Amino acid sequence: MTALHSLADIAISAMIVIGATFALIGSWGMVRLPTLMERLHGPTKATTLGLGGMLVGSILYFHLVEGKWALHELLISLFLFITAPISANMIAKVHLHQLRVKPDVDGLDPVGPAGMPPIPSEDSGWATYEATVQTSPAAVAEM
Amino acid sequence: MALELTLYTLVFLPFLAALLITTVSARSMAWHSGLAASGSALGLAIVLSLAGRVLDGEVLGISAPWVPALGLDFSLMVDPLGLLFALMILGIGLLVVIFGHFYLAPSEATGRFFASLMLFQGAMLGIAISGNVLLLLVFWELTSLSSFLLIGFWKHKAEARQGARMALAVTGGGGLVLIAGMVLLGSVAGSFDLATILQRADIVQASPLYPVMLILILIGCFTKSAQFPFHFWLPHAMAAPTPVSAYLHSATMVKAGVFLLARFWPVLSGTELYTAIVSSVGLITMLFGAWVALFRHDLKSILAYSTISQLGLLVMLLGFSIKMAAVGAVLHIINHAAFKAALFMSAGIVDHETGTRDIRKLGGLGKVMPVTALVATLAAASMAGLPPLGGFISKEMMLDETLHVGLFGQPWLVPIVATLAAALSVAYSLRFAAHLFFGKPRDAQAHAKAHDPAAGMWGSPAFLVALAVLLGLIPMTLVGPLVTAAASAVLGETAPPLGLALWHGVNPALGMSVVAVAAGTLIVWQHSRVLRAYEGLRHLDAKHLFEQTLSIADKRVRKLIVAIHAPSLQRMLLAAFAVVVLFIAEGAVRGSGSLTGTRAGQPASVMAIVAWGLLIAATVAVVLEHRQRFLVLVYVSVIGLVIALAFVHLSAPDLALTQISVEVVTILLLLLALNLLPKRPPQLSGNGRRLRDAALALLGGFGVGGAAWAMLTRPANNPISGYHVANSYTGGGGTNIVNVTLVDFRGFDTLGEIIVLGIAGLAIYALLDTAARGAAGARLGTWQEDMPHSPERHPMMFVMATRILLPLVLAAGIYIFLRGHNQPGGGFIAALVIAIAFLLQYLASGFDWTDARRKVGEHLLIASGVLVAVATGLGSLVFGANFLTSSFGYFHVPLVGEVELATAMLFDVGVLCVVFGAVMQALAQLSHIAQRAARAHAANLAVRQEDGK
Amino acid sequence: MIAHAVSYAFVCLALALCCNLWRLLRGPTIGDRIVAMDTMVINVIAVIVLIGIATARGTYYEAALILAMVGFIGTVAYCKFLLRGDIVE
Amino acid sequence: MSIASHFAIAPVVIPALAAPFALLVMRRRRWLGVGISFASCAAMLAVALLLLRAASDGTIRTYELGEWPAPFGIVLVVDRLAAIMLTLAATLSLIALLHAVIARSDRKGWHFHPMFQFQLMGLNGAFLTGDLFNLFVFFEVLLIASYGLMLHGQGPARLKAGVQYVIVNIVGSSLFLIALGLLYALTGTLNMADMGLRVAEIPIADQGLLRVAALLLASVFALKAAIVPLHLWLPRTYAVSTPAVAALFAIMTKVGVYAMIRVIPQIFGDDAGAAAWVPAPYLLPAAMLTAIVGFGGVFVARELSEQAAYAVIGSTGTLMIAVAGWQPDTLGAAIYYLVHSTLAGATLFLVADAVARRRASYADRATPGPLFQDRQLVAVLFMGAAIAATGLPPLSGFIGKLLILRSVADVPSWGWAWGTILGTTLIGVIGFARTGSAIFWNETEASARAQLPQVSRADLLAPAIALALLAALSIGAGPVTDYGHAAARQALDSASTARAVLGGH
Amino acid sequence: MRRLIPHPGLSVLLVIVWLLMANAITVGGLLMGIVIGILLPIFTAPFWPGRPSVNYRAGIAFMALVLWDIIIANFQVAAIILFRRNRDIRPAWLSIPLELETPEAITVLAGTISLTPGTVSADVSSCGRFLLVHALDASDPASEIARIKSRYEARLKRVFK
Amino acid sequence: MTLEFLLASAIGVLVAGGIYLSLRARTFQVVLGLTLFSYAVNLFLFASGRLTINRPPILQKGVTEYADPLPQALVLTAIVITFGMTALAVVLSLRSFLETGSDQVDGNECAGDEDEGPDLNAGPRA
């Protein structure tokens, strides 16, 4: 019984520690990585394993220690998994846009080590740069 | 009863007449003058019918309570003095009406004229017979107002308007001072009942306030009676039609001041102060008026200054505080009324016939208009105080009395000045008569068609002059009893025996008048020389002075007022914040107690401190970078985030939810607006101003923060919320105490709150609905994007994600609503979440796409929401319970189990509808405007590209 | 043991928030600041969940849920504004 | 329980129902909306009169919302003063509504009637509530409705003034909340009567904080009442508002005054220790300044509407001079003058509109214009309004001012007060004489008359009615002043109010 | 039936979500969940023009795989952030040619890429046939592209058949 | 460092910032100031119930101590009202700018903000 408890404790603590650590690493990456596109990779950790770990820890905790089901915490992850990519995508678009409209913000070079994005194909460009073609699957809600 | 009826009729008759005249103002002059005449005549008849009883010593008084709280009764009192004035007001009023009928052209606004005249008559009559001081004040101010109308009758003339305004300003202003004096008098005497006050001389004169009230009351009298230095309005009042002048100068208006002096003689007179002020003011005025009158050329102006002088005489007499002098005053009041009215009317006739009032153009009129000449000359003689006219008798009395007063301890001062004044009045009277009617014509065309007017026109003056003559010949039989009685009324005791006669034997007074007549004749003989001397001196034109002071005052004050009320929001807020800071400081300094209380604090966790740092940093960043509008919004949302976290930490989950969802909506709103607002960072205000604002801001911060600290470090004082905790479940049927408070304990607040939100929605709609028109529409039409934009309108990933999110978030909203009563949540938060679900669609898929798919209109939502909430509240009335009384029950549904149903949740549905409607209203409308702007921009772009090609 | 884990987690998240703040204020591009804010939201959700564990209460769950649902809207709106100016079109 | 026992809530519920109904029908059947609006106002007047009669016997009726006992729930308190204010509001609303409909100014947008009803709901709620936070809520309701009404008709001037009006009042509301927070923190209650009892037990150490709260609250009310220096928002706001709206706004500043009369004796009375009567010493000088600034504005105003706006400020100043005495007599005088000055202010705005509508481009500017339609009639109305506004006989203002003069004779600085009241009256008289003679006596070439619009005389009805009411107020001054003084005594007797509100609890 | 339940998958998802939120499995909760699951899709149908047919079994398998990848990737990226100097990091833009055609599928792919640390999908080409991805450390872009296509896109083609 | 101090000081800073910004010359800054100010006010009102950790006012069996629910209800109401007012103020100032072409509130009108150069408030402060 106690063994099981301590086992539960270990599991819960582990999840919490992992989660917190990854959240910190994500944010740290956002501080130290060179330019916006690299920094953008930070949050995904905080979102996924960071918060994920925390939530699993929480679910385990409420189930094993408090004896209550707390599966609803999963919904938090569900929503974050839907929304986080959107944020990242939009921020990336902003970056692409700024690469074009103001190539250098006050002298520092935003292009970054990855260089400029490649042209997808001779007959089309990236949606951020040119209007979506009506026939393209990306042309949702264009009317 | 009969008496009351009579007196009420008497006092209301003129007003009634005025009313009737205005109702028939469309009809001919005959109607107007007729009504006025019959009004005056009837009034006169009533007064005469009362005369007998009054002269027998009976004081006819009636009283009806009006404003007991104030001591203002509608009480009328007809004693001999009142009777005397009533007779003059109505009698001369009647004559003036008759004269006016012939004087005015039927084409003029005679309706307005006679109506105002009757209004004025009523006011004067009211003064004469009111038995309550406050009531007297009412009528007093009414005379100022109605005389304003009369003097300004010929409104197309600038001098009429100015004269009227000046008269109103001076007499009205004096009236206000009088109010102060009278209220003091009443409070000191302990009553506003006239009769009572007249009994309380000892109390009044013993009061420390006596000097104050005396001066205040005297200012009232002097302004009305045109005493120096308040005389200047009277000469300009002659801009009024002559009948009006005749009335104002003889029996009314200016006499009101004298009346008041006489009325309060028993209470006020007899003191050093009184005698000194009143008699010296009267003396100066008498002399000054006579002196100026001598050099006027306009007939009416001469008469105006003569009035000033004659009133000075009356005031002086009443100021002597000598019984016999008062008697003389009463007699002279009658004389003056008679000859002055006659003189003005004659002047009017001359003006009417010759078309000029300039004495320098006139002369020798005696030949062409003998009747007028006779009338005017006799009247002038009475004014000059020549025997055998009434004026002589009263002047003799006056001169005689001057010998009994040693003003400022100088026994000779008053007699000499008085004699001098008498001489001057002889002079101006002589000049008036002689220059006008004797000698040879000075201006041919003025005499061209000059002749005596119809009897109707000279009838009135003739009657008055006859009176003046008889007042000299048979004074005792004519007015003896009246004067005695009136005098007694003035004195408040039986007047000394009075022997009015032309011949009193040889006495100093006779000598003085002989000197006066001789000197007067001499002056007239040498007039041109004296005139040159007079014109050598410089004179200040009172009217000009008055108008100038007024316009300067106007400019200065205007400047000040405009400066103070500049349309600067900054100044308004500055004032508000300054007051707050001062008050907080005041409370902190003057109030007792230390800043820090006794309650122990709770240690802050690392997380708390870091969150605090976040908030502080973000706030400082907002302030420092407030000119970068977009950036600060990012900081603001960080602040909001931290506050939400704080609410979580401080056990306020509902607040956290609200904060989070409101934050999102607010940010969307601000972004939508920001897109259309000018984005050029505003120029920095001057260092001085920024420093000032910063200082004020810091003080305010310290103040409010300090207050918060003081509050937080003090123990709670057994708050009523204990009851809410105890009754939330048992009485409110919910475990979420906050929500139960919102929808039940304090549902009334929430009702008001959702209405606020609903109104905000409506107002925003009303504002933006019209934005496409007018200047705003034009500006929207020329709106330009201020930065290069990406061509992509609806990013695919975003759109797809929001479509899956819509049902999920809606589900969450419903869930939050349903359990709000027991767990964090509730109608308001649910509404915001649902609104956000839809706003997401706007954001991702655009306005048109989403708007085309929306079902219910916001107006319907808001209206029905409010109705649902109110109806829920009213529902409880059906069960005899008060508004908003909730009820709930637990029902067992098979399979499902316990289900709670609470009316509070129905109420919460109303909340949900209104909040959802209002939020959608605001953002949808705003984005609609943005749409317009964007389209306009696209159009412009297209045009420009066309031009490019 | 859990208690220690929790307090360790609090410290980590506190440091994480500090990192976010640094990036938020430092920039340099507006994109960086938005990333910082977005990450801050996620870290705050984590903090709320952690508070839930620390206090053994379910009451804070809704806050975390709502924040997870709507927290990104700010980010997206800011980006849309920078991309298009008009966030709803 | 009989339906009569629910009369207390009716003044709030009636408009709360009328507004959404009007909103729903307005677009399709505007006449129906107008009808609803009128019916609602009439009903409010009827209820108010019933409450007035009910309160006349001196009993204080309370209405516990949701049956939650005071002080735990929200309670409405109907005493004499509240009944007076309700009646005044309902009367004024009918006049303003009548003018709006006759002058068709309600058609400049279809939200007028709903907003109008919500405005009244806010006013009535503020008059009735016995709960401080609830008072805040109803302040917000009447404020935001007033924003809607003030902006009705729009146009640059209104929008610019609107921004300032709205933002200043938002700040005011925030300050209200701070004061509320302090008071709840110190007393632990929101019910005014209960607060009044609890302040007595506040330890010395906390009374400084209480004092701050009192002063903050007073300054919030002063802002609403537009007392110098917190009056800056008023002139422009009122001058540019639609006249019918401005007429209704005549009561808005009085709400601030009312709130002071309600709150200060009830909460910061003799028992409040360091906070007892704190705002009092600042009120008298501020009031005198307000009267001076207000009538100074009247003296120099260039448009009638501007003049009316300043007259509102001035009358508030005069009113506050009386209120600042905090004696039964001064307060009684104040209540009478409050009723008078509200109607007088409204009349001024309505007459200004009558002039403006007839003079086309000359509008209500005090410059000679062409001879315009019904000049005699309008002139009479203007003179009446001016007489009322300056407080000359025979209209009620004179009695009001006499009452004030008499009642303040006992306060220490009565000389200053008297000087201010009488002096401002004089400059007011001169000011109105100037504008009046410029507009009604002085005329330019009659040629321009051709362009003048033909206006139906009907729009003189509302101001005429208002003047008639002022006359009636003057004739019936006896009973009205008695009621007012009784109301004042009741308002100052916080103990019996507390007994009535808290009853057994 | 199609009209009553336009999106069966969504309905099921909603019921599950509802039960999760209620955090308890009761009859009442289930009934309510079913009501929600039926009503909401009907109500929000207008907002769903496209109706992709989904192979749920493949979908679940895909999710499991992604979850696993996420965990692994987290550690890899953590290592990069913690131990690699900036100049040794090899960020790169990847332009991934797409075989998926429906926007839903492309969105899921892009989302997956963003969720797995180390890669962020930045943009779609205007023609919708290319996906722009930023990789934190891709010394060999070509192989990285191939990995994504084979590991995720291929599976997604089976999910959205 | 006590929680009380943190909250009080935070309120103070917010108030200071709010006052300073609301005294600026353009509507946007003023609205911003009001936003900060109302944050502070809401926190202040909330603080009137004192600070309680881990005692949410949601009834639980066996729990007797709860955070004071009343201020929370008041703050909730206040937040809603503030939101309504802010929304109106924002729209009104926008509308007024569209009508008059100026968003100045300091009285000295300078119309013609339209002719302003573009500015993407992106980079760090110049």
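By letter and in written order, the chains are A, B, C, D, E and F; residue numbering begins at 1 in each of them.
FYI, a residue touches a chain if its C-beta (ideal position, glycine included) is under 8 Å from a C-beta of that chain, and two chains touch if they have at least 3 such contacts.
Fair warning: this is a prediction, and the values are worked out from it, not measured in the lab.
When chain centres are set by their Cα atoms, the one at the greatest distance from chain D is E. Taking A-B and B-F together, the pair of chains sharing more C-beta contacts is B-F. If each chain is reduced to the centroid of its CA atoms, chain B and chain D end up 16 Å from each other. Separating the CA-averaged centres of chain A and chain E is a span of 13 Å.
Annotation: 75 Å between the Cα-based centres of chain B and chain E.
Work out the mean CA point of chain A and of chain F, and you get 30 Å between them. Shown for chain B are the residues in touch with two or more other chains, namely 567, 569, 571, 573, 577, 609, 630-631, 649, 653, 674, 704, 707, 711, 716, 719-721, 724, 745-746, 749, 753, 756, 759-760, 763, 767, 775, 785-787, 790, 792-793, 796-801, 804-805, 808, 812, 823-824, 845-846. Multi-chain contact residues of chain C (touching two or more other chains) are listed as 10, 13, 17, 28-30, 34, 58-59, 65, 69, 71, 76, 80, 82-83. Residues of chain F in contact with two or more other chains: 22, 27, 30-31, 42, 44, 47-50, 54, 56, 58, 70, 74, 77, 81, 84-86, 88, 92-93, 95, 99-100, 105, 120-124. For chain C in complex with chain A, the residues that touch the partner chain are 1-2, 4-6, 8-10, 12-13, 15-17, 19-20, 22-23, 28-32, 34-36, 38-39, 42-43, 45-46, 49-50, 52-53, 56, 58, 61, 64-65, 68-69, 71-72, 75-76, 79-80, 82-83. In the complex of the two chains, the chain F residues touching chain D come out as 22, 27, 30-31, 34, 37-38, 41-42, 44-45, 47-50, 70-71, 74, 77-78, 81-82, 84-86, 88-89, 92-93, 95-96, 99-100, 105.
Of all the residues in chain A, the ones that touch chain C in their complex are 6, 9-10, 12-14, 16-17, 19-21, 23-24, 26-28, 30-31, 36, 39-40, 42-43, 46-47, 50-51, 54-55, 57-58, 61-62, 65-66, 68, 70, 72-73, 75-77, 79-80, 83-84, 86-87, 90-91, 93-95, 97-98, 105-106, 108, 110, 128. Per the touch definition, chain B reaches chain F in the complex via residues 566-571, 573-574, 577, 599, 601-604, 608-609, 612, 615-616, 619-620, 622-632, 636, 639-640, 643, 646-647, 649-655, 658-659, 662, 665-666, 669-670, 673-674, 676-682, 685, 693-694, 696-698, 700-709, 711-713, 716, 719-721, 724-725, 728-729, 735-738, 741-742, 745-746, 749-750, 753-754, 756-757, 759-761, 763-764, 767-768, 771, 774-776, 779-780, 782, 784-787, 822-824, 828, 915, 918, 922, 925-926, 929. Considering their complex, residues 78-79, 82-83, 85-86, 89-90, 93, 97, 100-101, 127-132, 137-138, 140-143 of chain A touch chain B.
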